[in-house]
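The same subunit A turns up in both complexes below, where it pairs with subunit B and then with subunit C.
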Partner chain A sequence: MLDHNTTLSIFAKLDALAGGLFLLSAFGMVAMRQVLAYLNLFALQSVLLASSAFVLGYQYESNHLIAVAGITLVVKAVLITWLLRRTIDREVYARREISQALNIPSSLLIAMVLTIIVYFVSSPLLSFASDPTIKFNLPIGMAGLLIGAYVVTVRREAVPQVIGILSMENGAFFAGISIASSLPLIAELAAAFDVLIIALVMGLLTRRIHERVGTTAVGKMVSLREE
Partner chain B sequence: MVDRIVFNIIQVLVVMTFAPLIKGVLNKLKEIIQSKRGPSIFQPYRDLWKLFHKDEVVSEQSSWIFRVTPYIVFVTPIFVTLLIPVLTGYPLFFAFMGDMLGGGFILALGGFFATLAAVDTANPYGPVGASRTRMVGFLAEPVFMIVFFTVSFIAGSTIPYIVQKQWVTPLANFFDPSHILLMLAFLMLIIAESGRIPVDNPSGHFELAMIDESKGLEYSGRAAALMKWGGAMKFFVLLCIFLNVLVTPWGLAQTEALSDVLLAIPLILVKMFGFILVLVVIESSLAKLRLFRITEFLGAAFITSMAAMITRLLEM
Partner chain C sequence: MELIIILVIALLAAGLSLIPVGKKLAPAITNIGTLAIFLLSLRVAFVAIKSAEVVALKNWVACDSLGAIILLLVAFVGLTASIFSWGYVEKRVAVNNPYKIRRYYALYNLFLFSMLAIPMLSNIALVWIAVGLTTVSSVFLVAFDNTSESLEAAWKYIILTSMGAAFALLGVLILYWGLNTVGHGPFTWAELVKLSPGIPGDILKTAFIFILIGLGTKAGLVPFHTWLPDAYSQAPAPVCALLSIAESTTVLYVILRMQPILQGAAGNYAGVWFIVFGLISVGVAAFLIIQVKDLKRLFAFSTIEHMGIILVAAGIGGPAAWYAATLQIVSHALAKSFAFFATGSSLMATGNQDIASVRGLIRTSPVSAVSLAVAGLAIAGAPPFAVFLSEFSILKAGLTSGQYIASGLLAFFIVIAFWGVMYHINRMVFGRPEPGSKGIPLRASNITALLLAGAPIVLLGLFLPGPFNKLVHLASILLGR
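Our next item is the complex of A and B:
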């Protein structure tokens, strides 16, 4: 048990810390009620993703990962949150209680079960991993992905669903930076701008829904056109 | 050997002496944040003094439980003090008599009797508060268990003196994700367990909204003083566990010299002052939760502790 203390460097610890808080922020997305708090939590999660990328980049002296950290910080933590704030009506953010298909404690327990499933699914993969950082980033990223998908399923409002999709992307990135650290920078850039455009399109769509129907509770919409 | 018994007694005296002071400083800081002047930080001592000199009224309807409870509430934190590091970084005479779970059980015993005593009198508010306290207690229990088990799992021991060394040898262990998450979960537990603001309002005077306070409503005179003092000591002991075992295991006496042990007293008070500042900010910036939202608050604490356990498993 004392063995790992010597093998894990301080960088691996910091990366693991970012991972632990990343997981916590994913759980927070399940538990949040306010739309605005949701958005802030997404920004926080993106900052954690960027810091993990930065720590990994510093550890392996890879400028490329540090660039990824910078791109994530600018695009996700700043631009996307700003875009979603701008495109969607302020009334949506002022609302407090947003509805969920399940109540929050049971949602949290389901998210917990998802995380434990991820642990068991990823542990055979991890036996091939040479790097200690993969041990954190891969399962936590996968858990972030699954919890994001769960949030999209269970929320009935448009904005939390959008943020859920974006947090799924965050989870995929979190796993990606450790296992495919030599991906060409152009691919990362393209992915980042894709996400930006997706956020813009979804934000505008939500705005249109809000203007036309007067609500963003997409869970209640059952038919394509109201006669 | 004699030294260690003496140090143990010094620990108990420190807890007894400074527990009301911590309450007083906390109240004063809270009032200052609300831009009021607030009572003196020595007010809790004066309250105790006053209560000890007042007559005691005991309901004829009550049983022996009502009369015995103040002493149990007063004595249980003292027993826990014998088990945990308050001033010294090395195990004292009673340290191996019980581990952290034992301490938890002893504290729970005091809470159990306080609940019984609240139901014992025919006061209508007592049972309401008691059943609410039990609800919070039931919800906090799994978190306590997971936190303790994760801590012992990491440190390989359940004795608090051994656990506290784990976080700083080497220092990188302090940044362990499981450590940080455990700190968060335990902070939420302390808030729930000591009836602080997101869960309960300790300065509220509206009986229907009370959770923790209404249990002691029936007590007067010496019994009320013992209940208050015991409550303050329980808070002090919880803070000691949180600060000395989990968050800041520095500043404890490492040698057996008496001067070192005495020097540790101001250090622990400084640490507590720092923590109280954080607590006051939390209390002043949040509103009290509705009763059925407490489930969510403690659910969040549970998830945090489980996340700590999972990150620990990933590390293996």
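Our next item is the complex of A and C:
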């Protein structure tokens, strides 16, 4: 993907490191079994998203991106993690989730295939990239989105599904900080607020399901369907 | 200025509904609020006919004629559904529970607020946020009954639509990237349409596909529709009327806005995607209508069918087809809200939404039987109702523009859906009533809502008033370049 003739600045290298770790954390979510570890991995992924935004912001002297890094850190790594812990019963987090539509090795394989597909899909776009960091952030973000979608589809527990969705959004934002770095701050703030509300609503809904139905294995709720 | 006032009224009504005084205050506030919103939207629509755009805050909050039509529809359904809610919620959803009634109306107004925001926001990033807000504000309305089925429906609803929202988010961001490759204008619909010929086609196409998949999930396009019949079957009937407008019509409006942007770039592949996606939705929904066992699911599949019809019409392209598509948006929204009020009435009359156990409604509750029959005919597209007129113009536009296969398939699926809807409704309305089936008598508010919502579907089928026709015409121009 990269043109090796251009030397990369130290910032671009740092951004690439954050990107690599971001992708690794997405794979980690596919492989993880314990519910609590999921939440911690999500917090880590959000920190990586924030650090990529910070590196890009520092490189281009964009206060706007540094503000985005701050918002991400506060809302995603701290507030959402705290909210999900508060709203959902502790017993849920200690659970080791075994039941999954596909086993973990084949899931990892699928995640890998998804990543390769993303590189194929995004390669025509990368020729328009005015900046080397887009070449890291766009495909990695897109891969994070698709792997997150895969996690939501195969997991049967409520909390991993919620975190899968939040990691999908992380993926979209990871691409966004490089390709749409000048998005108005009001939109960034509103988007962070929106994600926060979604996490809160999903947390509350999970709690209600836990209280009312007695389980958080939402994949097993199948009373509504076509006969 | 009207636009800002509309949003403020909706938010205020949400807050005031929570005042803990009895069970009459919240519905009264909501009724007054939605009436004011409707009158203001009517004013916005009239201004939009005269001048091209109603601007409240340049590049942020503004409403052109296409936006004005959607705004007017949301406001109208918001009004009739709030009138219908008065009797329905008190007697069926939250019996003798003032706290629950207040909570219902607070959520109702919040939901209405997020829907009203979609057509009047110019900045596309903010439109995405408003679409996200419609989900979070309606999920507890879907789960309002708090049964395990309604929680299941709410869960599927929020998970699937949030997945879609994440896809759409990446699409929106890529679109913004595309805009920035040709300049640093504001991120608005008008600016994108203006500059799209200069944006690289690959970027636009990728953005379009992500947005189509993402928002298509929320609009209920097949194969991302699975949450929709579940959510509709569990939500209270007036909420279904709103869902059918919000989740589907306003989100579809956002998808349709993409078409003029893409036409600037290269060819009309947006049209091809629209026709393929639309036909799949219409076809699958038409066959699923035949096998339904639940009245609300029947109308849910009918919503999917109509979203498909609108998408096909927009994809066929050309002024005649776009005019017909806009007309179809209006006639479907009006007929579908009426259909859900009729469903609610028959639910109140029989206490049962299972199609097989309701028979001979005409003897037990003539009002709901007649409205159900009218709703079935109106939504299936029998003359002289508005849906017939718009579906007929779509097929005519398709044939004159040479899209014989698409028009033929569309006509075939529409006929199947017509037969499916009428087969079920016929059995419910006529036939021998089950002995001992007892329900709650309809309230004056229910009948008022039925009359209010029913009047335009008949009137618009017979004749289109001049200003309204002009508005539809102006809006249809915005669907193309």
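Going forward, the second predicted complex is superposed on the first by the 215 of 227 C-alpha atoms of A that agree within 3 Å, B and C clash if a C-alpha of one lies under 4 Å from a C-alpha of the other, contacts with A are read in each partner's own complex, and residues count from 1 in each chain.
The rule we apply is simple: a residue touches a chain if its C-beta (ideal position, glycine included) is under 8 Å from a C-beta of that chain, and two chains touch if they have at least 3 such contacts.
Since this is a predicted model, take the numbers as computed values, not measurements.
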Figure out whether A:Met221 sits in contact with subunit B (first) or subunit C (second), or with both, or with neither. second
Check whether A:Val121 is in contact with subunit B, with subunit C, with both or with neither, and answer first, second, both or neither. second
Is A:Ala175 in contact with subunit B, with subunit C, with both, or with neither (first, second, both, neither)? second
If you stack the two complexes on chain A, which partner ends up touching A:Val201: first (subunit B), second (subunit C), both, or neither? second
More subunit A residues in contact [subunit B versus subunit C]: C
On the A-aligned overlay, A:Ile147 touches which partner chain: subunit B = first, subunit C = second, or both, or neither? neither
Check the residue A:Gly19 against both partner chains and state whether it touches subunit B (first), subunit C (second), both, or neither. first
Give me the intersection of subunit A's contacts with subunit B and its contacts with subunit C, in residue numbers. none
In the complex with subunit C, residue positions of subunit A that touch it: 121-122, 124-125, 128, 130, 141-142, 145, 148-149, 152, 158, 161, 165, 168-169, 171-173, 175-176, 179-180, 182-184, 186-187, 190-191, 194, 197-198, 201-202, 205, 208-209, 212-213, 218, 221-227
Tell me, which parts of subunit B touch subunit A in their complex? 156, 170, 172-173, 175-178, 180-181, 184, 295-296, 299-300, 302-304, 306-308, 310-311, 313-316
Residues of subunit A touching subunit B in their complex? 1, 4-5, 8-10, 13-14, 16-17, 19-21, 23-24, 27-28, 31, 104-105, 108-109, 111-112, 115-116, 119, 135-136, 139-140
Which bits of subunit C are touching subunit A when the two form their complex? 123, 125-126, 128-129, 132-133, 135-136, 139-140, 143, 146-149, 151-156, 158-159, 162-163, 165-167, 169-170, 173-174, 176-177, 180-181, 184, 187, 200, 202-203, 206, 229-230, 233-234, 288, 291, 293
